[in-house]
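Below, chain A partners chain B and then partners chain C, in two separate complexes.
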Partner chain A sequence: MSHAVLLTPATVMIALFMLAPIALAAYLSFTDWDGLSPNPQSVGWDNYAQLLRDSDVGHAAVVTLIVTVVGTLTCNIAGLGLALLLNGPGRLNGVLRAVVFYPYVIGPIIIGFLWSAILGANGAIAHVLGNAGHSPLPFLSDPTWAVGSIVAVVVWSQFGVNVVLYLAGLQTVPPALHEAARVDGAGRWQTFRSVTWPMLAPSVTVNLVLVLVGLLRVYEIVLALTNGGPAGRTNTFAFLILSESFRTNHLGYGAAQAITLMVVIAALALGLTALRRRAEDAVSA
Partner chain B sequence: MFSQPTKSLKALAATCAAATALLLTACSSSGGGFQESGDTGSTTSASLRLLVNITPVLTKEFYQDLVKPYTDAHPGITVTIEAPTGSDVSATLQQQLAAGSAPDLVSGSLGRDTVPQLAALPEEQWVKDAPYAEQSRVGGVMWQAGSGNQVQSIVYYNKAAFTKAGITAPPKSLDEFTAALVKLKGAGFVPTQTAGEWVTGAQVQMMGNVNVLGPTPDWFTRRNTGGVSFADSPWRKVLDTYQSWIEQGLTPRDAMGLKYQDAMDQFAAGKSATFIMGGWYIPTAKDGVGVFAMPTVDGSPAPVAGNPSIPWSVTKSSKNRAAAVDLLKFLVTDKDAVTKELKAEGNFRKGFEYDATPLNKEVAAIVSAAPATVVASNGQGDNSAPTGFNDEFNKLVQGLYLDQKPEGVLKSIDSWYTSNAK
Partner chain C sequence: MKNVLKALVALIMLVPGYLLVVNAFKSQDDITGNPFGIPFDRLSISYLTATLSDPNYSLVRAYLVTALFAIAVNVLSLAVSAPAAYVIARGTRVRHRALLGLFLLGLFIPSQVLVIPVIYVLKFLGLMGTVTGFLLYETTLTLPVSMFLYVAYIKTLPRELDEAARVDGAGPIVTFWRVILPLMRPAVATAVVLHTIGVWTDFVNPQIILGPGSALYTVTTSVYAAIGRYSTDFTVVYPNLLMAVAPVLIFFVLLQRNIVSGLTAGATKG
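Right after this comes the complex of A and B.
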């Protein structure tokens, strides 16, 4: 009985603010709700069937996949690389850790506008190139370049937290293991591959899952940097849900998209965690 | 041993079910978020909430000053100005309706879908005289009244650039316009300024509306029933023209990497020679800028394409509807209030004069000389496009910069329109 009493506040909060909205979204995803009419009509699985036919959804899924895969790998490689460089005492390292983490604490909307002022056709880089007699580069006006720009800005804004998490992971590696490796004649690369990397397994899992989930939901930077343009070619899945389905009052369809994204995120996060379990078990052993 | 977890799970499940049911009920019952109708209330004592469109010119302070004479004259009435908390007025109203906290008055661009949530305005002369109130009718009911006429489909031009390029008279037809842009390019200017964001589609709409709605003022009504199509209308000539501009470099290919502010800065700096935009650009324009009416396909005089400026509606769920309508009447009829609104954005209304800038007077002359007035953008009332049309149009037209062909773009617009028309 006492367990139930103690669990009640948390249970009520989770039910009200997490489960109920999800249940509501799931219900709305089977309706034609336009966000205005009081009585949405049931449409069965139509919204989900439309998802499969919608070319905009397909394109947004591809863009999201590119941003997520490239962004997750780059964030983790850059994060781990810098963490290895900054993993040591010294005032400079402390300053550099703060500098690297700084972009993460800036709001993504501000980051998007900041970089659009740098990368835009009338931006800082275009002026520098123009003054040097070169044509501006189509960072935001060409679809391929624009997707690349989004990935670059997302990585720039995110990887600071990966540095911090990897640094925390590196602090947990017992110095005795490194010492033993050195005594055995292992070089830097061998020590990293055989000692540091396996011991970082839990950190790698956390970093991969956090970045993956974050990038699957990228919205604000797209809004401020490209607004989905040119011609909707940089729409990510989350941006599409909010910019098109909601703006056109297709909230039932938008709810179906949101539920689909939630299921995909949950499946990938759980799948990735399961895949990483063997590596983590090796550390525990 | 296992009885305690089972009880906890049951409790959890029951709590979730109850919370979900509560939320669903809140959203679906007439006593919750959406209300079929509010109360008439009193005209002498009420607390009114106004959801308004905030821009660099139409600030919260502007609206507070606007209603002050009314609240001074009506001590029992208090007014709260609310800025959008969502992406715009329409999205905010949607959220507020769902939450059961809709404002009494709302000012902004609202789609036809919103009309069932708004009160019918009275069939009185002051409403009918308000700009675009008649055009706002949906199912015979007026639901929106404007303060003035916001002109669109005009072309601002750099007078020095035209002189340097040897252009002595404004172009009348789209072909003449293209020829003028070629001369301007030869003179070293960016011939016509555009940008990404919403600008591309808005400019092409400004080119198209005078050509499509001029000959067929109820074009959107006809399109809603499938009687006409984009592909088989003057839109084809407009998009062909625009594509030729892109191909000839008359509008820069990298323009999709620009924002609206960049476009205004480029034009203000004299780098670009022309800028297709609405009347709201007038207060921003610098000296040396002229304006001419949008050229037409055949060179005939273009109608004025316009929208209501600061359009007001009363929500159906307002508990103070009588007071809200009374304030709306003040906002669209009071000489000082209307003039203040017109002057802020450089808009027009017959019978309401103000100390206008020379550029404003040039636009006024275009309005006076125009053979007709047509609805701008995505139309008004029954004669309007489905919600979301402007954004979709913009997205598809930007495809011309990615080497898509006009016929493909028009086919996609028709396809979207047919799927969304009600």
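Right after this comes the complex of A and C.
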């Protein structure tokens, strides 16, 4: 009885504001609801079929894929690389750790605005180039450049978290192992390859999943940096869902997009965790 | 070689911050003429003070609103998640593990997308556009991380504590309140740091749930409203951005060690 008193408030909140909305969106995704009519009609899988034919969705999926794959790899390679550089005592290393990490506390919307003031057509870099007699570079105005800019800004703002997490992972590698490897005559690369890397397996999993889940839902940076432009060419999936939901009244279709993104994120996160389990088991074996 | 790399990284990370600070004190001509320069004789604090006196998006009010939101979310989050985490951490049945799994599922749900169906639920409850509705949803979003941290932490506390309390005649509620909660301080500190940053930097939820109609702006939504109108007037852009990040940067410099260790715990406990 008293257990129920302790459990109920949290359970009710998660049921009301997470499970019920997801269930509602799942239901609406099979209807033609326009946001007003009291009786939405069932349309079967039509909304999902439309999703596959919709070129806007296809394009947003490609942009999201590029941002996620390139971003996840870059964040992790740069994060681990810098963690290896900063692993060790010293005031300077502590300062640098703070320097790569500070974007985390600034938050994505402010970061997006700051970088748009730097990269924009009228921004800081354009003025520096202009004053030197060069024409500006199309950081945000050319579709290809703009996707690259988004990836760069996302990595700039996120990889500090990976540095911190990899540094924590490196602390768990027993110094005795490095010592043993050195005594056995292993070089630096060999020590990394056969001692550090396998011991880091759990860290790698956490970092991969964390960045992957974060990047699949990139929204605020896109909003502040390019607003999806030029001409919708930098819409990520999350950005498309949010902007469409308020512009059109095809809410059933919007719900189908939202459910698709949630399923993709959950499936990738769980799949990646399961895949990585083998690498982690190798450590404990 | 190592030091060259480190210097390069520091440069890439710090240049945007440098531009943010320096240009907040410069006129439009000075910013566009030389964004990186510091015209010492023409620096002015007037652009920053203008952000404070803007009648539409008073940043002072926004600081206050956001700080109150952060406090409310933290209190509410602790009040509902710590007791539940206690029962789940001590529970041995399948349903306890299933319930924990349900909470942890929230770690993978994109809140920016979830918010759309949440609007319907809030409308149904009559809470759309209200502070109550916003706080309830914002708090729900903190529960997965809180549960993750608290369950892992409570599992490290010896069960003998519970036994001793039970022998003394205490029920689960009293045991939780008198024995367990006071010991949870480190885990609570971690959660508070993460949730405070989360609420302070959140933009989508206050923007959508409170909306421009409520006239209640957080720091991020008021900066968005102010900059959205004058995005080419850099004497509005840079000062607003600097004012928005100044409190968190001070918070960060003072609590850097706790934030970093909190984040590490948040990602690896369990």
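Here is the rule we use: the second predicted complex is superposed on the first by the 265 of 285 C-alpha atoms of A that agree within 3 Å, B and C clash if a C-alpha of one lies under 4 Å from a C-alpha of the other, contacts with A are read in each partner's own complex, and residues count from 1 in each chain.
One rule holds for everything that comes next: a residue touches a chain if its C-beta (ideal position, glycine included) is under 8 Å from a C-beta of that chain, and two chains touch if they have at least 3 such contacts.
The shown structure was predicted, so the numbers you read here are calculated from the model rather than taken from an experiment.
Student: A:Pro230 in the overlay: touching chain B, chain C, both, or neither? Say first, second, both or neither.
Tutor: first
Student: Which partner chains sit in contact with A:Leu24 here, chain B, chain C, both or neither? Use first/second/both/neither.
Tutor: A:Leu24 contacts both chain B and chain C.
Student: Could you look at A:Arg182 and tell me whether it touches chain B, chain C, both or neither (first, second, both, neither)?
Tutor: Neither partner.
Student: Going by the contact rule set out at the top, does A:Val99 touch chain B (first), chain C (second), both, or neither?
Tutor: second
Student: Would you check which partner chain A:Pro108 touches, where first means chain B only, second means chain C only, and both and neither mean what they say?
Tutor: Second partner only, chain C.
Student: Going by the contact rule set out at the top, does A:Leu140 touch chain B (first), chain C (second), both, or neither?
Tutor: The first partner, chain B, only.
Student: Applying the document's definition of touch, where does A:Tyr219 land relative to chain B and chain C: first, second, both, or neither?
Tutor: second
Student: Once the structures are superposed on A, label A:Asn39 by its partner contacts, choosing first (chain B), second (chain C), both or neither.
Tutor: A:Asn39 contacts chain B only, not chain C.
Student: Spot which of chain B and chain C makes contact with more residues of chain A, would you?
Tutor: Here the partner covering more residues of chain A is C.
Student: Could you say whether A:Leu82 touches chain B, chain C, both of them, or neither, answering first, second, both or neither?
Tutor: second
Student: Overlap of the chain B and chain C footprints on chain A, residue-wise?
Tutor: On chain A, the overlap between the chain B and chain C contacts is residues 3, 7, 11, 16, 19-21, 24, 116, 122-123.
Student: Show me the residue ranges of chain A that touch chain B in the complex, using the header's touch definition.
Tutor: Going through chain A, the ones touching chain B are 1, 3-4, 7-8, 11-12, 15-16, 19-21, 23-24, 27, 34-39, 116, 119-123, 136, 138-141, 143, 146, 226-233, 243-244, 246-250.
Student: Using the touch definition up top, name the residues of chain B that touch chain A in the complex.
Tutor: Residues of chain B touching chain A: 4, 7-8, 11-12, 15-16, 18-20, 22-24, 27-28, 30, 33-34, 36, 87, 91, 94, 97-98, 111, 113-114, 116-117, 196-197, 252-259, 262, 265-266, 386-388, 391-392, 395-396, 398-399, 401-402, 404, 420.
Student: If we count contacts the way the header does, which residues on chain A are in touch with chain C in the complex?
Tutor: 2-3, 5-7, 9-11, 13-14, 16-22, 24-25, 28, 82, 85-86, 92, 96-110, 113-118, 122-125, 127-128, 131, 156, 160-161, 164-165, 168, 202-203, 206, 210, 213, 216-217, 219-220, 224, 238, 241-242, 245, 254-255, 258, 261-262, 265-266, 269-270
Student: Where on chain C does chain A make contact in their complex?
Tutor: Counting only chain C, the residues touching chain A are 2, 5-6, 9-10, 12-14, 16-17, 19-20, 23, 31-36, 79-81, 83-84, 86-88, 99, 102-103, 105-110, 112-114, 116-118, 120-121, 125, 136-137, 139-140, 143, 147, 171-173, 176, 197, 200-204, 220, 223-224, 227, 231-232, 234, 237-238, 241, 244-245, 248-249, 251-253, 256, 259-260, 263-264, 267-268.
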